[in-house]
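Read through the structure below, which is laid out as C-alpha cells, and then see the notes.
Letters A, B, C and D mark the chains as written, and numbering starts fresh at 1 in each.
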C-alpha cells in the first residue's frame, strides 16, 4: 500500500542548526514502514518547484501513528518544508522503496551514519533494539562536521546499544571521519562486526564499502539519487549495480530496487 | 445526464480521452499500486528498442522552473523482454496498450513493429521519432519531414496495428512533419515530445545532466504543446493525442479545444500520481456542468 | 580584489555584461524612474519598424506556468519618431544604445539600418528576424538560414555599426541559422527570442490572446535558451548575448558558462524592476567569492 | 517616485464575501498617491504565478502612512494574497498610473462604481470631500450583484455626500444596474450632474460613456487591461483611444496613460 494524500503536520522544529524534525500524523504509513524506506514530499502547491522531494523516515511512533522526518534545509524545496506550520497539511507519498534487512540472530552490528545520512538509521537502530535483543550488539557510529551538527542519539538509549561519534573538526568524539572511527574500533577491539549498515555522503559510502569488502563483512548501504516519480516509473534514480554484462554494471533504481542495496552489489568505478 | 467520454484515436477505442505519456508511467505496475489502471483510456508504456539499453549516466533529471529536464536515454529491457515480462501484466486490464518504439535505423523500427504486431495484447504502436536523448535515430528522424515519413512508412508496412507518430516540437514546422507522416500512413499523431534543453550547475561549472542536454517537459512547455496541436489540427485530418504539461482537467480541455482527440499525462504523474484519474473525473464534471453530452463535440472547438 | 566585468560584444563595449531584452524595457525612461540606467552594460530598446505600428488587439499577454505569452505585435512609433523622441533621452546616459529592428522585407531592414547608421547615439543594431507576433517578416526570415543570411547581409551593407542578429528558437537547428548570419557579416548574436506558444480560455473556448498565438518567455524557457547558447557557441565564433528567463545572477551565470559574452534581462523586469541591477551586483559578488578576476575567464567554461 | 520593495501587512481581512481589505504600512506610497492610481503586487516568491497583479489604491490614511486595498479573490494570484498574514511582508510597486483629475469648483459630481470597480472610488470620494467642500455636491452610486456584495460606504459619511446603491437582484437599494439608477436620478431630479467619475466592468463603463456622451456630461473612467510591467515598458495593457488615424483609434496604455481616461477619448467599436 502506497499512501498519497495530505497528512497533518504535528511538529516542524529546528533540532540542530540547519536541520529540522517534522512529525506527521500518518498512522497507515507508520504502521507499514520499515527502516530505510522514504517518503516523497510535495513542498508546494505551485508548479515551481515542481517535483517532490525524497526524505527518509527518521523514526516512527507506531502507537501514536506518527512518522518522523529529519531533514537538512538544503535548497528551495526543503526551505519551503521548513516554512510549514504545525496544523498545516503536507502532501506525502509513501512509504516507498526497499528498506534494510535485519541481521541474523546474534550478529554484532555496526550502524554507520554520516551527516544527514544518519536520519533513516535511527529508525533502523530502534528496530534492531526492538526486534533483535538480547542477542545482537548494536554499535551506532555517527559522524558530522562538528559537534553542533550531530543529531542527538540520546533518544535511543537502550542496554544493547553503544553510540560512538566522530567529527571532522574534533569538537566531539573521535577527530576524523566516521569511517576512520569504525576502522579504528575494528582494528583495536577484539570484537569485530558481523554486519554493517550505512547511509551518508557518496564518498563515505564508497570508502566504507571498500573497507567492508576487504574485511569480508557483509552489509547494506542506502544510496541517494535524484528522483522523479519515486515508484520506478521514470528511471531517473539510476544506481550502478554490479553485473556480468560487458559494462560491468547495470542500472537499478534507488526508489524501488533501493534505496538500500547490498554492499557487495554496488558498483564503483576504479 | 450521462456523458460520453469515449474517443477513437485512429482505430484505438478509448473509454475516455486520458492516457499516459511514454516514459513517465513505466509499464503499469508502478502506478498500479496507487490508482486503478482500468480507469485509464489507454496506457502508453516506456519507449522500447530492439535490444536492451542501459540508458544514460546520472544525473538523469534536473528540475527547472515549472518543468524538468530528463535524459534517461531510453533505458529498457528490449522488445523481447518487454513482451515476455511486462506485457502479461497489462493483459489483465481492459484497456488498449500502446507501445512506444525507438530505433537507430529505419530497419529497427520496421522490425520492432513486426515483432509487436505478432505479440498478443498490443493495441497500437507509438513511433517515437522525437527522442532528444539518444545519440542515433530519435530526434534525427523527427526533425526532417522526409525521414519522418520514411520511418512511418516502414512501420506501416510491418503492422496492421494502429500507428501513432510521435512528433517533436524541436522543428521549424511541426505541421510539415505531420503532413509527411500522414501521407506515410500514420493513423494518429501524438505531440509533443520534450523540448531540447539544458541546465548548468554554476558551482561545478558543468552541465547538470550526465548526458549534457535533455528534454524539457512539464507545465513550462504547455503553451508550446497547445500551439503545436492547434497548428497540426489545421494541417492534417488525423486524430491527435495532445501532451505537454497537462496537470489537471482544465489543462486537458485546452488541448481538446485546440484539437486533440485524446490527451496524455506525463510529468504530472510524478507530482500527483492520481493526476490521470483526477483529470478523467474533472472532464466528466466539466461536461456535466456545461451540458456537453459527448466529449467529441468540443474537439477543436477553439479553432 | 577588483574584478573586471567589462565585455566586448562584437565591438560594443559594455561595462558589465548585463543589458535589457528588447520589448521588455521600453525606451529607458519607464524603468529609469526606478533604477539608475547608467549602471547597465547596455540598453536594448523596443523593436522599431520603418513606419508606426498599432500592434495587435488585446489581450496581448497571458500568464503561463513560470512564463508568459505576449503578442504585442511590435507596437512602435516608427524609426523617425524613435530618433526624434526616444533617442535624445538616452543620449544623456553613458551606455551603448542598441536598437532592435524589424521589417516586412529585406529592403525594410536595409533602410532601417541606414537611417539608424546616420542617427547620433546608436551603439549597435539588433536585427530581429525572430518575432513570432507579426504577420509578415519576423519569424519567417529567422526560420530559414538563407533568408536570415540575406537580411543580415542587407543590414551589413547599410551600416558600419555593430550588427547583432537575434535568433529564434523555433527552428530545427539554431546553429545552422547562426552559421549563415555569421557568414553574412553579423558581429554578434543574441538569443533566444520567444518560443511560439498559445493558451486557450476554456470558459470562452477561444484562444486567450487577441492574436491567437504569441511568444513564450520567462523562466519556463530558460533551459531551451541555455541549450541554444551552448549549441551556437560551439558552431560559430561570434560573441553571444544570451537571454530567456534570466531572473538572477545564478541564471545569468548559467548563460555565461554556456558561452554567452553578455546577457539580457526580459520578462524578469516585470516581476522585479531591479532585476538588472541585482544581477550586476550578484555577478560581482560571485566573482569576488570565487576569485574570478575577469568575467571573460568564465565565458563558455562549462563547454 | 515609484516605490518597489516589501511593505509590512497590517491587516488582511474579509470584508464582504469573497472580498478582502488589505492594509500595508507604506508611508511613502500613501503620501504620494492620488485617487485612481494602483499598486502592482507580487503575490508569490515562486515563478508560478509569475506576474504581478494590479490592484487599485482603495483609500489612504496619510496621517498613519497606510495604504488600503480592497480586492476580490478572483484567481490564483488574489488567492495567494488572501493567504498572507498580518506581519508578513508584501512586495509592492507603486503608486502607478495617472489618477482622476478633480472637478472644477462648484461642479455637481457623480461617482459611479460597479462591483469591485468601486474600490478606487472610495479614495476619490474622500479626496473630493477633503479638497472640494463646501462647493461640490458628491453623489456616490454603488452597484453590486446583491446586498451582500456592496462595499460598506458608511466609512465615508460627510455632509456633502449622498450615497445611492443599486443591486441586480433588488436585495438593497435600486433594483437594476447602477447605470440605470444614475439615469433615473438624472431624469427625475432637477439637479443633473456636471461631472461623472466611474470604474467598473467594461459593459457598464461602455453604457455609462454612451449615456454621458449623449447628455453632454464630461467625466473620467478607469479602465482595466491585463498588465505586465505596470510602467509602460511592455505595451501589453493597450486601450483603444480615439484618434484621427484611418483606424479611428490608437492604443494607449492603462498603466501609464491611464488607468483613468477622459470619457470622450475612449474608443468603442460600434
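Operating definition for what follows: contacts are C-beta pairs under 8 Å (C-beta built on N, C-alpha and C of every residue); 3 or more make two chains touch, one makes a residue touch a chain.
Please read these numbers as outputs of a predicted model, since none were measured by experiment.
Between the chain pairs B-D and C-D, more C-beta pairs are in contact across C-D. Note on chain placement: the centre of chain B and the centre of chain D lie 48 Å apart, centres being C-alpha means. Chain B and chain C have centres, each the mean of its CA atoms, that are 34 Å apart. Taking each chain's centre as the mean of its C-alpha atoms, chain A lies 57 Å from chain D.
Put simply, the C-alpha centre of chain C and that of chain D have 36 angstrom between them.
In chain A, the residues that reach two or more other chains under the touch definition are 47-49.
Along chain C, residues 65-67, 218-220 each make contact with two or more other chains. The touch graph of these protein chains is complete, with an edge between every pair of chains. Against chain A, in their complex, chain C makes its touches with residues 65-66, 219.
Only residues 23-26, 30-31, 33-34, 46, 54-55, 58-63, 65-68, 70, 72, 75, 218-220, 247, 267, 269-274 of chain B touch chain A when the two sit together in their complex.
Looking at the complex, you find that chain D touches chain A at residues 44, 46-49. For chain B in complex with chain C, the touching residues are 64-67, 69, 143-144, 170-173, 195-200, 202, 205-207, 212-214, 216, 218-224, 226-227, 230, 245, 250, 253-254, 257-258, 286, 298, 301-302.
Put simply, chain D touches chain C in their complex at residues 1-2, 4, 42, 47-52, 93, 225-239, 247, 250-251, 256.
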